[in-house]
Amino acid sequence: MGSDKRLRAIVAGATGYSGQELVRLVLAHPQMELVGAFASRTFEDSPLAAVHPRLTGLTSLPCRKLDEKEIGRLQADVIFLAIPNESALELVPTLLETGAAIVDLSGAFRLQDPSLYPKYYGFEHTRPDLLQQSVYGVTEFAREELKGARLIANPGCYPTSILIPLRPLLDAGVILTDRAIICDSKSGVTGAGKGPSVTTHFAEVSENFRAYNVFHHRHTPEIAQGLHVPDNPSALIFTAHLLPINRGILSTIYVQLKPGTGRAEVLDIWRETFVHSPFVRVFEDAQLPEIKFVVNSPFVDIGLLVDEESGQAVIISALDNLLKGAASQALQNANLALGLAEGAGVETSF
Amino acid sequence: MGSDKRLRAIVAGATGYSGQELVRLVLAHPQMELVGAFASRTFEDSPLAAVHPRLTGLTSLPCRKLDEKEIGRLQADVIFLAIPNESALELVPTLLETGAAIVDLSGAFRLQDPSLYPKYYGFEHTRPDLLQQSVYGVTEFAREELKGARLIANPGCYPTSILIPLRPLLDAGVILTDRAIICDSKSGVTGAGKGPSVTTHFAEVSENFRAYNVFHHRHTPEIAQGLHVPDNPSALIFTAHLLPINRGILSTIYVQLKPGTGRAEVLDIWRETFVHSPFVRVFEDAQLPEIKFVVNSPFVDIGLLVDEESGQAVIISALDNLLKGAASQALQNANLALGLAEGAGVETSF
Amino acid sequence: MGSDKRLRAIVAGATGYSGQELVRLVLAHPQMELVGAFASRTFEDSPLAAVHPRLTGLTSLPCRKLDEKEIGRLQADVIFLAIPNESALELVPTLLETGAAIVDLSGAFRLQDPSLYPKYYGFEHTRPDLLQQSVYGVTEFAREELKGARLIANPGCYPTSILIPLRPLLDAGVILTDRAIICDSKSGVTGAGKGPSVTTHFAEVSENFRAYNVFHHRHTPEIAQGLHVPDNPSALIFTAHLLPINRGILSTIYVQLKPGTGRAEVLDIWRETFVHSPFVRVFEDAQLPEIKFVVNSPFVDIGLLVDEESGQAVIISALDNLLKGAASQALQNANLALGLAEGAGVETSF
Amino acid sequence: MGSDKRLRAIVAGATGYSGQELVRLVLAHPQMELVGAFASRTFEDSPLAAVHPRLTGLTSLPCRKLDEKEIGRLQADVIFLAIPNESALELVPTLLETGAAIVDLSGAFRLQDPSLYPKYYGFEHTRPDLLQQSVYGVTEFAREELKGARLIANPGCYPTSILIPLRPLLDAGVILTDRAIICDSKSGVTGAGKGPSVTTHFAEVSENFRAYNVFHHRHTPEIAQGLHVPDNPSALIFTAHLLPINRGILSTIYVQLKPGTGRAEVLDIWRETFVHSPFVRVFEDAQLPEIKFVVNSPFVDIGLLVDEESGQAVIISALDNLLKGAASQALQNANLALGLAEGAGVETSF
């Protein structure tokens, strides 16, 4: 591709937290140009910088009302969707006809089994055919399928934090699966979106901490699917908690290693799996991952401790839910779909 | 009063932040009994403890839909109103007929000049007669009028933090008034109420700080009225800011002392004014008031530094906006109105 | 006891976070008088209110340098020790000779097996005989032994949050113990004490979250002892995390119930166990415990969800680490040791 | 300069908060190479990434013990000093001999009048000659002097937030100076440095807010010098407050405009002054600057409200104390000193 030809990018849902990060990343991307920003609500035709004063002086683009015809006219190479699940389900079929690569940050195309949608998302899935076509984009596990992909289901923030460390270990067969894998995850508030509610009111969150959606979080079947384990509490327990911080997820994962597997073997598997993955950092020394090491960065950090005698392992992973858990992973995926270098425009985000 | 006869108290607006504190204080009051809790919204007839799980095990009272007839039937001795301004304006005339003492925590009866209501509150005041009857209850300045009062306008949180230290100095004539008194105040988020909005979303408040309503805050005329100074920026500037904390106000107040007045004279005036005021604490040493010294307490702390050469003074005051700025001051006022000791049930709140 | 005879109480370690809470509670206790406050450091003979400006106007007591002879002279009925482990170990034998009841908030007398001290506390225990005499005071499980006790080992904050919900279930035999019980606990920063360090620096804690002391926390053997399970990761895994909040612990506990046991049975066991325990609140409805429901209160809240098919249970408990996790439980214990009502002076702390 | 010749940069004081930001910025700078990182303490020869796990995978450079000979050997083009005032005073004369441009982020060379150092910094200044040579680098006001400069005194964080909006107005003569200019500033905790102390302990800062160093802050004479007003409270009052946030400063500035000057005139002056200053953003609409718009960015945002009748103005400015208040301004200054584009490596920092 010629160096002065920039690819045309659109962000739909530009007013939310993930959308704002997408806008910021695309504006700084050396090979992309932001040609359109859309939102479903209230801010119609305001400058993006009025919606997000943080962008003052960085763009004069307006934020327009979401409209598929308008989007079609812009002849984008890539369309990022950071919109509600049902809006994405409705919009994607039409947008696919434009030929653009679509990176959908909602959950609308993440679960291969359509029967899970009524239970976990509250709607019947109308396009099970597209569920089969969509590429589930934990980038590090899907690079081949991502090349040239047109419909990419960008993973959930919690699932990314769990699949990155766990899946290589399950693939390598070093984890006992006759008891539940326990994923105790904690997330900052931006994971709940920007819509105001009592549960995101500062005075309800600050100096508080709580579990939510125990046994029923919609990320549970997504994690089970990614790990190839059954979606039931005998195999996998996922508990989400709300941290009084803006951004970041830390997952504490409890597994039983098979006899003969210790910390060194796990580190070997991770090192080998991620040797060409610049955004996965394996913590090999005593230091465990912490949220502050990854906030405002595209990295997911993974580390672990093992009780070598019993084989009990505690895995710790950390990422920024708006970046590796959303926008920067979306950019990794878009880059691969469009034939760019995976890290283009991603490195600059820290 | 016989020791086993408890006065009957009602809290209307029991689901908000101030209302919750009122409920907590009345439940612990040695001479009051909570006979009714009301709210305008959603929670109708739920147990109070379901609305505020913090109260689990402490009361079995339901939270009922606000209804003046229902309130009338309960034959209360005191009714606390922690409801919106316009609801208070509508409700108070009827409630006064019950003979109960009414402590209104809204702004509906605070400003003596009815013409200020359209500008600052957005409505015409329909009962200017009651504005003349209501007692503006900064307790420490109104003990005589509070005895037996039936309609008490409980002061705003910002005004209390400013009037307590400043009014005695203006009364004593030690402050130059030919230049603006500048009140730079900072408040925690509960001051904005419990209704969810983008401006109280955790991710908009945390790690942020901002000024708001500059030159236009509705507490400005209330402060001017309390200080007996004109309501214009040549005389008084009040700037409110939002702190990323739950509770507490700190006001930094800039005044020019008259020649001959220094720090010692100000401390003398304060000491004398508040000698019988257990909830005003004068900081006489190097330590200045801080928000954490007063949070969850009924105190307002005041201190100052003076540049003795120029007479420039920086006064610092701090209080808990939900207690001395709302509920515990309401209790001081109710106690006086009902003939109880001013501090009854107030001391236990720290 | 005559109503005007107050018991004489001493707080040693009055400058720390737990010590400050003890001072506050004792000052408000209807049957206790604070006759001495001591600290090991820097603040010698300053007024307590200069050390803790929060106490301004509430006490004129000085804070004196810790000295056992001085303590002896004060003829206290009860001595609260909120001092380092090794200081407590050194001081307790002498203090016992005064005849006072000693409530030790350190870990010096918590573990019955002296051989655990070198590993977990870094010192040889010099008085294994006293380990046998001391009463381990999770109040709700030790009321009989606490009556008249002279040496009370006040439990750790994390252990209290875990033993309260779990021990009745293990005693009732409804939990499978052939796999690890997993306790994923999260605590506010005051749990780490007041000594400044990089790890408690605001900028290292705020907007961060991290695990610490995985597999090696000194509360692990205390929990194992309290549950009567082996102190190894095959039986019990305890992981501590640091929350960016001041106070509060929430523990998420993963256990496998035996066939035939569901949520209803667990609630029955809890209800029956704690029927006479005013400071344990069983959450029986959908609402799970959260930290903000218990902060600044003497309660520990417990609740759970069960996957009835698999028997997997997630138990949630919450308490204030400085109150039920330290000072208010110490007061419950002191009350029982001295023949007072368990809740005297405890109810007023919320 | 040839595109593949990178300038050699050193960061001394790489373990502090500003030092970490400098390292991050230099590592990402397209025309600089980080050839050395030094610190005075504890971390000698550890990898930088062990000191700052956030840098894991981004650099293999060690962090070495500060040593002027070692620094000399590295033949740096630019040396950033983020070290204590007295260390900088001691080191600078020697380092100047290396011919490198020195950007000193301490206060050692900021005040032109050496007699102010004993009062505000607690030491006699030993090199008043260098005070005359040093360029005080609020970049936007010193571009000509910065070109080729060898000793740059990088401004304080508070002064930058105040001088940027105020100095153009004083230069234009639109502010009344017969009364005090009042600067009420609020800063996040990283402004206090990384050294642990009780005052930066999370539990002392969180849910708190306080004023400090009233009338005595060492930034006061720096602001007075930059504004060309007398350093006394009749002319200038500066009050610093500590916000419970990690980063960011917001200054609320009260001035009286001269008759004939209103909001429009001030905006005109600012627009004209900063037309070629990409990192100063003038807020011309109703939206006022807030801290969250600038955190993690190199911008300083300025805005104001004016009571047009009285001429009273409230100016609001905001910046990130570690970036425009320290590291990114240092980079602007280094770029100009070395003949690079002012914004090189600065734009990438947001």
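Note that the chains are named A, B, C and D in the order they appear, and that numbering of residues resets to 1 at the start of each chain.
Basically, contacts are C-beta pairs under 8 Å (C-beta built on N, C-alpha and C of every residue); 3 or more make two chains touch, one makes a residue touch a chain.
Values in this document were obtained by computation on a predicted structure and should not be read as measured data.
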item: For chain A and chain C, chains touching each; value: B, D
item: Taking each chain's C-alpha mean as its centre, the one farthest from chain C; value: D
item: Centroid distance [mean C-alpha coordinates] between chain D and chain A, Å; value: 36
item: Distance from chain B to chain A - Cα centre to Cα centre, in angstrom; value: 46
item: Chain A, residues touching no fewer than two other chains; value: 188, 204, 206-207, 244-246, 290, 292
item: Chain B-touching residues of chain D, taken from the complex the two chains share; value: 179-180, 182, 184, 186, 204, 206-211, 214-215, 232-234, 237, 239, 241, 243-248, 250, 252, 254, 256, 288-292, 295, 305, 307, 309-310, 312, 314, 316
item: Chain B-facing residues of chain A, complex; value: 17, 188-190, 194, 196-198, 200-207, 244-246
item: Contacting residues of chain B [partner chain C, same complex]; value: 24, 28, 50, 53-54, 56-57, 206-207, 278, 281, 283, 285, 287, 290, 292-294, 296-297, 299, 301, 348, 350
